[in-house]
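Okay, so here's the structure we're looking at.
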Amino acid sequence: MKTIDEIQNEIIGDFEMYSDWADKYEYIIDMGKELKPISGALKIEDNIIKGCQSRVWLIADYENGKLNFQADSDAIITKGLVGMLTKVLSGHSPKEIAESNLFFMEKIGLQEHLSPTRANGLLAMIKQMKTYGLAYMTKEKMI
Amino acid sequence: MNSANNDIIQSIPFDVDKIRAQFPILNIQVNNKPLVYLDNGASTQKPNSVIETTNFYYSNQYSNIHRGVHKLSQIGTDLYEKTRLNFQHFINATTPSEIIFTKGTTHGINTIAYTYGRKYLQKGDEILISGMEHHSNIVPWQIVCEIYGAILKVVPIEQNGTISLEKFKTLLSPKTKLVAMTYISNSLGTINPIKEIIDLSHQNGSHILVDAAQAIHHLPIDVQELDCDFLVFSGHKMYGPTGTGILYGKEALLDALPPFEGGGDMIKEVRFDKTTFNDLPFKFEAGTPNIAGIIGLNAALDFIKEIGLPQIMAHDKQLLDYCHQQLGEIDGIRFFGTSQEKAGVVSFLINEIHPYDIGVILDNLGIAIRTGHHCTQPVMDFYNIPGTCRASFGIYNTMEEIDVLTNGLKRAVKMLS
Amino acid sequence: MNSANNDIIQSIPFDVDKIRAQFPILNIQVNNKPLVYLDNGASTQKPNSVIETTNFYYSNQYSNIHRGVHKLSQIGTDLYEKTRLNFQHFINATTPSEIIFTKGTTHGINTIAYTYGRKYLQKGDEILISGMEHHSNIVPWQIVCEIYGAILKVVPIEQNGTISLEKFKTLLSPKTKLVAMTYISNSLGTINPIKEIIDLSHQNGSHILVDAAQAIHHLPIDVQELDCDFLVFSGHKMYGPTGTGILYGKEALLDALPPFEGGGDMIKEVRFDKTTFNDLPFKFEAGTPNIAGIIGLNAALDFIKEIGLPQIMAHDKQLLDYCHQQLGEIDGIRFFGTSQEKAGVVSFLINEIHPYDIGVILDNLGIAIRTGHHCTQPVMDFYNIPGTCRASFGIYNTMEEIDVLTNGLKRAVKMLS
Amino acid sequence: MKTIDEIQNEIIGDFEMYSDWADKYEYIIDMGKELKPISGALKIEDNIIKGCQSRVWLIADYENGKLNFQADSDAIITKGLVGMLTKVLSGHSPKEIAESNLFFMEKIGLQEHLSPTRANGLLAMIKQMKTYGLAYMTKEKMI
């Protein structure tokens, strides 16, 4: 299993061949299309992260010391971005997730999507993922 | 690539290039593409005259106004009051006392909501609004209705984004104290039959506030002819500075209302046992106002007057027609707001594509439109959609820019489908 | 002609000429004399950085903010929020949510008066203020006291323009819900012992609002150390644009208060049956804000930070001492406000000469002071005078300007006696 | 008896010799000092015109078809200015006063004192004098 940073570097590598914004976005959109959608039954209020414009659903599963994420969005670009984020963070330990440093968005020139004032719910989603990490770290310690 | 119809371009009633040259921002590049600014419903850009007036004021004339004996204070006061007179004449108010400077439309509506509520609203009274109101013409009424136990009634919108006068009539009741209605919808473009709505309100014995945020720079407004009781708009949507706005009210009504904010300038005499309030318009202008903003706003109004509202309307109409025509050719496009009487706002969705996605792709092409609910969530709920894409036009927009938009949209659809 | 004491000039803790060069207005002539601007208590002049930031923003970056997906909207939002962070750190607020942008001090006080009143005030409750408050910290409380049947109590001032903590204590009662007090008096210059006042208020179980309009650019303020519940000030008095201000409030308290103005940006979801409000700080920022003003305000804060508050305080103190000393030599002069702890405000009268007359003569000499009641009529009533002449200092004032003032006053006295 | 315009022209003539602002103001201040003050008993609320800063008292007497004004102010410059105004308008018929065109303030370069935003009550006083003129015109017609 690759580390969080290795996966990030892989994505950065993928993006190096794209000089054009359109190529980058096509990659993200494809990512969004491929991402397995969350079933309607799970798209409940508890799992939603509201941006003003696009909405994000996030589900976390803890199994064998690892956290797995499923995410979805009603906007395809947001969905592609959450897909990249789950790809980077899923399957790692709560500690690794809580302490992760997500640098790939900036490196591939998409940091604007993480602006706190962006209306897509993405930053709130990252916070939520890390909060899950922290919460399960604490749980683990209590066991 | 479609090229703009030459006939239409040539009939534009003024020289758009000359106008564009007055807006420095129109020369910038966004994401390495020339800016195509189609978000004028949210706010308009500023001409040089506005920027320079503010600049000059701060660099050569600034001080606090009212009550200062020294020269700078006199100059500032004179300029500030000149703006008031200019607006008095522009909307044909009876006296300058009827022109209150505010922070913007929202602030103007809240001023009336709080003071009208305090003076007139009682348990069971009704406020009547429409289903297409901007949040700024909904929430203040919800707040004061809660405070005073009044009830908010809503005239629903029709499929084409208009309201039916018949339905409006049935909702007017003896309990309707005040009607608050937009002249032009910011998310649908609908121009409401405001004169009829005002007359029906008055026949019912109700007061009426008109939200003219989208109308003031699009249609000639004569408050005496309209006979509305209150009318509000923002400076920043009419090519003026942010943090400025106007609240018009009939003198007798404004006189009858209690003051809203307390503070400097709105008082005659302050004693701990009894304070008396200043005359209009100062009664409603508490504290140091946005002096530089109001002085800059005068330049914005002069700019509009110089071009002329009939010319602006004609230009707006041409852009609107051409935009409808061009975008109409995109497969799967749905327009929201298809009233006969419509201003330069085009709201749409394409197939199942989320408006956010379209907004992001267009942004990468240098095209600024707005996506989302446009502060009219009830309109989105009515159509059961998450939001729309909205292109809205200004004085400086061109047919070519609509071509750029059309092509951008086609590209976005291709990428996103 | 007296010439300024050279020792004092040399100990000015920064290069005043270099600062003056940043203020374009300081080069103008008023009535054919070089401008001597001593009306800083009413409002301060703007440095180039503030003027140019606004200018650049309108010319290259403008659009409406929040919720726009396009680049310009993002840039504007980022700049706007950057100002918030800058102020958060400047006054050491716990989170950016505690920094609310307002139109100015008056607007900030009214925001708290209306919402605090609605939430907490009941018949018989008391609000405690001082006898030296600006009208903006009197009238809003009179208005909400009238609405909710509460009672306004006043700590009287002493002959030297201070308030007695003993008297303050005796006026605190179990019914005192909130204390509203100025940090620095705009008409007397008095620096109140605000930390003691805050602690005493809290010991009494009262909330406290601090009016820092005259303090923010004079004293270092740490809201966590002060532990005040609310603190308000204006941008235009701290070298920033008009129409801007800050309301600080403790997060838990602001959360507990109902919203004030309703409109765009302050909502989470708007439904006709139920609207939910946005989180802080947006809950209190209804409508399109004064975007350009707030962005310009950031440059003003940077300007102040660059010079440094200790330097500013030292400069202010030197001007104050020199001014007292020089004016003190004028026959028949009476100073109002002679507190030990005093900021750069000098209020005075000379013999029986009306302040208006002095203001007119000084104006003809290019000297701008303020005359009148300075929006503190109760202070004038206390001293039984129609008003005062007030010279108040800014970063750019010099010892030589105080000489010009002194000579101007001597000439005025001669003409008017 | 000189007409209103003749008196105005006389004042303008007086001012022609003053090139300096200080001379002008000394003239006005002297005017203020010479003006007979209104007795305390008449300085009542009814006769006051409030500017924000200086206050003006005004009393009108109608006799033999003429209106006579007395004015006073707590500020000496304002008092000098009201003195000039009563000098110009006193002793004329209500009609002449109501229809008068006061041009001398501008001609002598002191129009700033008549700005509607000036806090001295002067403009309000002129309005009040003309209102007296109008009121007595109407009264005369009714007799």
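By written order: A, B, C and D. Residues from 1 in each chain.
By definition in this document, a contact is a pair of C-beta atoms (placed from the backbone, for glycine too) under 8 Å apart; a residue touches a chain by one contact, two chains touch by 3 or more.
Please read these numbers as outputs of a predicted model, since none were measured by experiment.
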item: Subunit D reached from subunit A - shortest hop count over touching chains; value: 2
item: Labels of chains that are neighbours to subunit A and to subunit B; value: C
item: A-C compared against C-D, more contacting pairs; value: C-D
item: Interchain centroid distance [CA atoms averaged], subunit B/subunit D, Å; value: 46
item: Separation of subunit B from subunit C, taking each centre as the mean of its C-alpha atoms, in whole Å; value: 32
item: Centre-of-Cα separation between subunit D and subunit C, whole angstrom; value: 39
item: Where subunit D touches two or more other chains at once, by residue number; value: 52-53, 119
item: For subunit B, residues contacting two or more additional chains; value: 31, 67, 69, 356, 359-360, 371-372
item: All chain pairs that touch each other; value: A-B, A-C, B-C, B-D, C-D
item: Partner subunit B, residues of subunit D touching it in the complex; value: 50, 52-53, 112, 115-119
item: Touch list for subunit D against partner subunit C, complex; value: 21-22, 25-26, 29, 52-55, 74-78, 119-120
item: In the complex, subunit C residues that touch subunit A; value: 65-67, 69, 71, 74, 77-78, 81, 268
item: Contacting residues of subunit B [partner subunit A, same complex]; value: 31, 353-357, 359-361, 364, 371-373, 386-387, 415-416
item: List of subunit C residues in touch with subunit B within their complex; value: 24-25, 28, 30-31, 35, 37, 39, 42-43, 45-46, 50-51, 54-55, 58-64, 67-73, 103-107, 109-110, 113-114, 118, 134-136, 138-143, 147, 152, 154, 234, 236, 241-244, 258-267, 269-272, 275, 286-293, 356, 359-360, 362-363, 367-372, 375, 377-378, 381
